[in-house]
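Input: one structure, supplied below.
The first chain written gets the first letter, and so on, giving A, B, C and D; residue counts start at 1 in each chain.
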Amino acid sequence: MTLAPQADVRPTFVRPQTDRASLTIKGTDRVGIVAAVGTLLSRRGANIVSLDQYSDPQDDAYFQRTVFSKPGLRAELPALREELRSRLKDDFELDFTLRDMATPKRVAIFASKSDHCLLDLLWRHRRGELPVTIAMVISNHPDTADEVRTFGVPFFHVPSTGPDKTAAEAEHLRLLGGNVDFVVLARYMQILSGDFIERVGVPIINIHHSFLPAFVGAGPYTKAKGRGVKLIGATAHYVTEDLDEGPIIEQDVARVTHADSVAELKRRGADVERAVLSRAVLWHAEDRVIRHSHHTIVFP
Amino acid sequence: MTLAPQADVRPTFVRPQTDRASLTIKGTDRVGIVAAVGTLLSRRGANIVSLDQYSDPQDDAYFQRTVFSKPGLRAELPALREELRSRLKDDFELDFTLRDMATPKRVAIFASKSDHCLLDLLWRHRRGELPVTIAMVISNHPDTADEVRTFGVPFFHVPSTGPDKTAAEAEHLRLLGGNVDFVVLARYMQILSGDFIERVGVPIINIHHSFLPAFVGAGPYTKAKGRGVKLIGATAHYVTEDLDEGPIIEQDVARVTHADSVAELKRRGADVERAVLSRAVLWHAEDRVIRHSHHTIVFP
Amino acid sequence: MTLAPQADVRPTFVRPQTDRASLTIKGTDRVGIVAAVGTLLSRRGANIVSLDQYSDPQDDAYFQRTVFSKPGLRAELPALREELRSRLKDDFELDFTLRDMATPKRVAIFASKSDHCLLDLLWRHRRGELPVTIAMVISNHPDTADEVRTFGVPFFHVPSTGPDKTAAEAEHLRLLGGNVDFVVLARYMQILSGDFIERVGVPIINIHHSFLPAFVGAGPYTKAKGRGVKLIGATAHYVTEDLDEGPIIEQDVARVTHADSVAELKRRGADVERAVLSRAVLWHAEDRVIRHSHHTIVFP
Amino acid sequence: MTLAPQADVRPTFVRPQTDRASLTIKGTDRVGIVAAVGTLLSRRGANIVSLDQYSDPQDDAYFQRTVFSKPGLRAELPALREELRSRLKDDFELDFTLRDMATPKRVAIFASKSDHCLLDLLWRHRRGELPVTIAMVISNHPDTADEVRTFGVPFFHVPSTGPDKTAAEAEHLRLLGGNVDFVVLARYMQILSGDFIERVGVPIINIHHSFLPAFVGAGPYTKAKGRGVKLIGATAHYVTEDLDEGPIIEQDVARVTHADSVAELKRRGADVERAVLSRAVLWHAEDRVIRHSHHTIVFP
């Protein structure tokens, strides 16, 4: 075992993000974008902390993520946004988002009875690993209510039985409206209607318990056992109307053998699911993920 | 996302182990051991569920783990043990342990302020993934008391300040005495004395936050950052008097880059630590690990 | 860099297998199989080197692989086989194979233009890592002829153009007939007819360049790019009449990003393919793989 | 198996690099570097293909790698270099290198009897995976001469026996002088003198057969077996006078068990070694690796 003469404190991983902003850019590649952004920021005395870019050679699409620091950022943000709009939008016809990283994104977590993904997100958040505000947990089962509230997070039980989800989804929209920046389905076992996906108006991240596109639909572990695969996996993706077809954010796998039962596949898979989902949530929270048709660009 | 028309129940991974026993054997390799064990068990109508063996070509050491099932096992166990003693001990000069798998091993978890390994073990146990009875949690800090008790597990706060650990260790021995079959140090940040290790009389499993033998001692993540490694790791091992030198049970690693700070190494490392420790605890609980001088045999 | 005062010789991994046999058993689980095999072998003075077994709880199927050593094995083999037949086949209704490990299995490798899997197998064989005799390489392209012959392996060019493979397959059967114990398709880009698979009468192992069942059929890397996956994989499997549906022997994956082109996926994938195929060939050569309907049992 | 109706050609991974340059920058972080580089390049009509940067928060060190394309690059390179010198060196006090990517780096590979790393580099180069010119192979054993020459690469046998390496190293320097941009030690089993390292004047990359800093020095697999580790590894690093202490470029590991002999560790390790070394060589060839005291920055 190990002696630690230094202080035994819980690390705080989410560094103070005051006076720090993220700028993401998306559009058609042209000469001079880096120069334009760099010049604009340096004239304002902003220091670029990181800059990543990617040009898709297939369709000349251009993506850039820049994090910069600037004392007194908050006050300057409106003027900076205006300047970026003029330069990037008008001159280069690029779309952009500019976000003050001092304000964490707000997220709602949807869950059902399985608690491994839900608890893992709550734990990581409490440890300071996830730079988000968990605004609420919504579940179609009351089972995890007490535990969620222990973390100081509001819990709402919205039952969803029978094929008609209209009432439940209306309640979901009422709870979410204006309160969240994205939604995470942490093994939520209900299908969202296309109408809901459209009306909620924020990105939705789901964890699918297979290595997509293998084993789409229900019961992937049973299917994996049936096919005799030697690895099982999990996939975090943005939700679209097409079930299990949304843009993939992250995937991982674990090794299994002929001797593993379906229950054992589920146990090993649960570890992969919670790891993959937490990475996808972290990356989305830090503006590292840019959607591009049915793909994602994920900056390191 | 995924529809699950089948029941959304939490899986119970720990199968009912009634009428099932594990038999581990250790000694010098000789012709006929498998025949002797197989014949003895089949005469009693026991069905071998799994059998693994390993012979070390270096020193002719022989290791075997057999799990078998037998209706009415509990009543027959004393007679069976006697028969095994006569056959294995007397005829073959082999050591063996025979354990009724209906009775889970009892474990005490030692922790400090860091909660990731502790909570992961508690949560896995609640999910039915760890076939143990968590008898108690002992910590030198009171911070995790409430959360531990939420899981229905007794929590004892045993402060340990100053260089003299005599009083604290006496209290540890008083709490543990006769109550546990093994001890797990879940990022417990105190050195155990050789005297304690001897007197406690049960195996102790520790998680070291590096890929041993790299970065022994304190502050392994700081050392890893200093050396510029591209992977960090964690090691679960049995505790011996020689710090960080005990027999290794399990290890794993995660990829890092030059851009990761020490805090980020700790964050990524925490995931590896809890995964590695939980595997080591599971395997020890299922009698899969046999110590052999300063090594381990780990049967799959 | 590293000084090696010890001799700098190429290791020979394939240990002398003289006086060593492998016994694989397959059938319905019953009490007493281990005892029967163990007793039979110990009476003949054979020492069990390793014994693995697996019982499928779904269908009570029983599988066992035993490796044993016995001085003067070759002379005793016929009698031993007879005894096993009487005991296992007649008493227990089990199927078994008994193989003298002093005689390596003979393999034919089929290849096309891509040489990474072919060369890796030839090189591993030369290093002493694959306990097989490479009887021949058959290719529908002459490109690799010189290189293959450098390894001392016969090369046969059997062109295969047009939809009618009858002539080519007849030539294949003529070359293989009686000469090989199994066939490996090392990125062989021609479909084998069901008639050929049946008539060749030996197992055929193929490497598919995707993580099956994802991306069956042609062009898996292009499909993977199209779907935006974050991992690519390869699958070694036995060939059946159903394309890409045969029992899986081994799989592995590599991480990719949005920035990787299809060519880059192929480059990374080639590494996975050759690693996965070489493991499958090794395990098949050592009788570690048992087919069970459309699954495999792979003993460690 | 898989049908490929599309052409079965060997992919060419090394894209035509004509009219493409890499620019690496190193120095102290200051506001405006990205803007300065971006503006300078865009004024010349150069398009930035990729840009990565990293600022070390510890010591304010700044690192940047930019790849840009420009029609007619070669003719403009001298003027561009002068302009960069004026802007980066004089105004920002930054060091930089500018390299025409149409001219591959020239490498010499040193080897001994073990061929796995050597052959893997030769194969990958022939497949078009490594954008280098392999100028020569130098070995202290003649064993691999024929095979190396099959790849069209000059082979020089420079015996090196006895403790005095002066004559051998003089011959090495004579062969290398002016002919190579870096040296790769592909399991070369001789220690290079500090004098040689200094006089050769180009970077030297070595593959060490352990997960450094574990198991420095000779016989790492034997040491790994002795310690009973559950993973073995390999490390590619730049060579410095301090044995096994140079800046790490890349590392990886493979899982092993108690049952693996030292010979088996070597076999599994060889796969890791060749994979790790080839990645390090590729990254160095593409200017992705920047040395910073005893660390490396590796841009993706």
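Everything that follows uses one rule, which is that a residue touches a chain if its C-beta (ideal position, glycine included) is under 8 Å from a C-beta of that chain, and two chains touch if they have at least 3 such contacts.
If you want to know which protein each chain is, UniProt gives these names: A, B, C, D = Formyltetrahydrofolate deformylase.
This structure is a prediction, so every number in the text was calculated from the model and none was measured.
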Farthest chain relative to subunit A (centres taken as mean CA coordinates): C
Size of the rotation, in steps of 5 degrees, that lays the CA trace of subunit A over subunit C: 180
Rounded Å distance between subunit B and subunit D, as computed from the means of their C-alpha atoms: 42
Interchain centroid distance [CA atoms averaged], subunit A/subunit D, Å: 36
Residues within subunit B bordering two or more other chains: 54, 257, 259, 300
Touch-based graph of the chains, sorted into line, ring, star, complete or other: complete
For the subunit A and subunit D complex, residues of the former touching the latter: 29, 31-39, 41-43, 45-55, 300
Sites on subunit A touched by subunit C in the complex: 54, 57, 211-215, 227-231, 233, 247-253, 257-259, 261, 292, 294-298
For the subunit D and subunit C complex, residues of the former touching the latter: 1-6, 8-13, 15, 112-116, 119, 123, 127, 129, 141, 147, 150, 185, 188-192, 206, 208-209, 217-220, 239, 243-244, 257, 259, 263-264, 266-267, 271, 275, 300
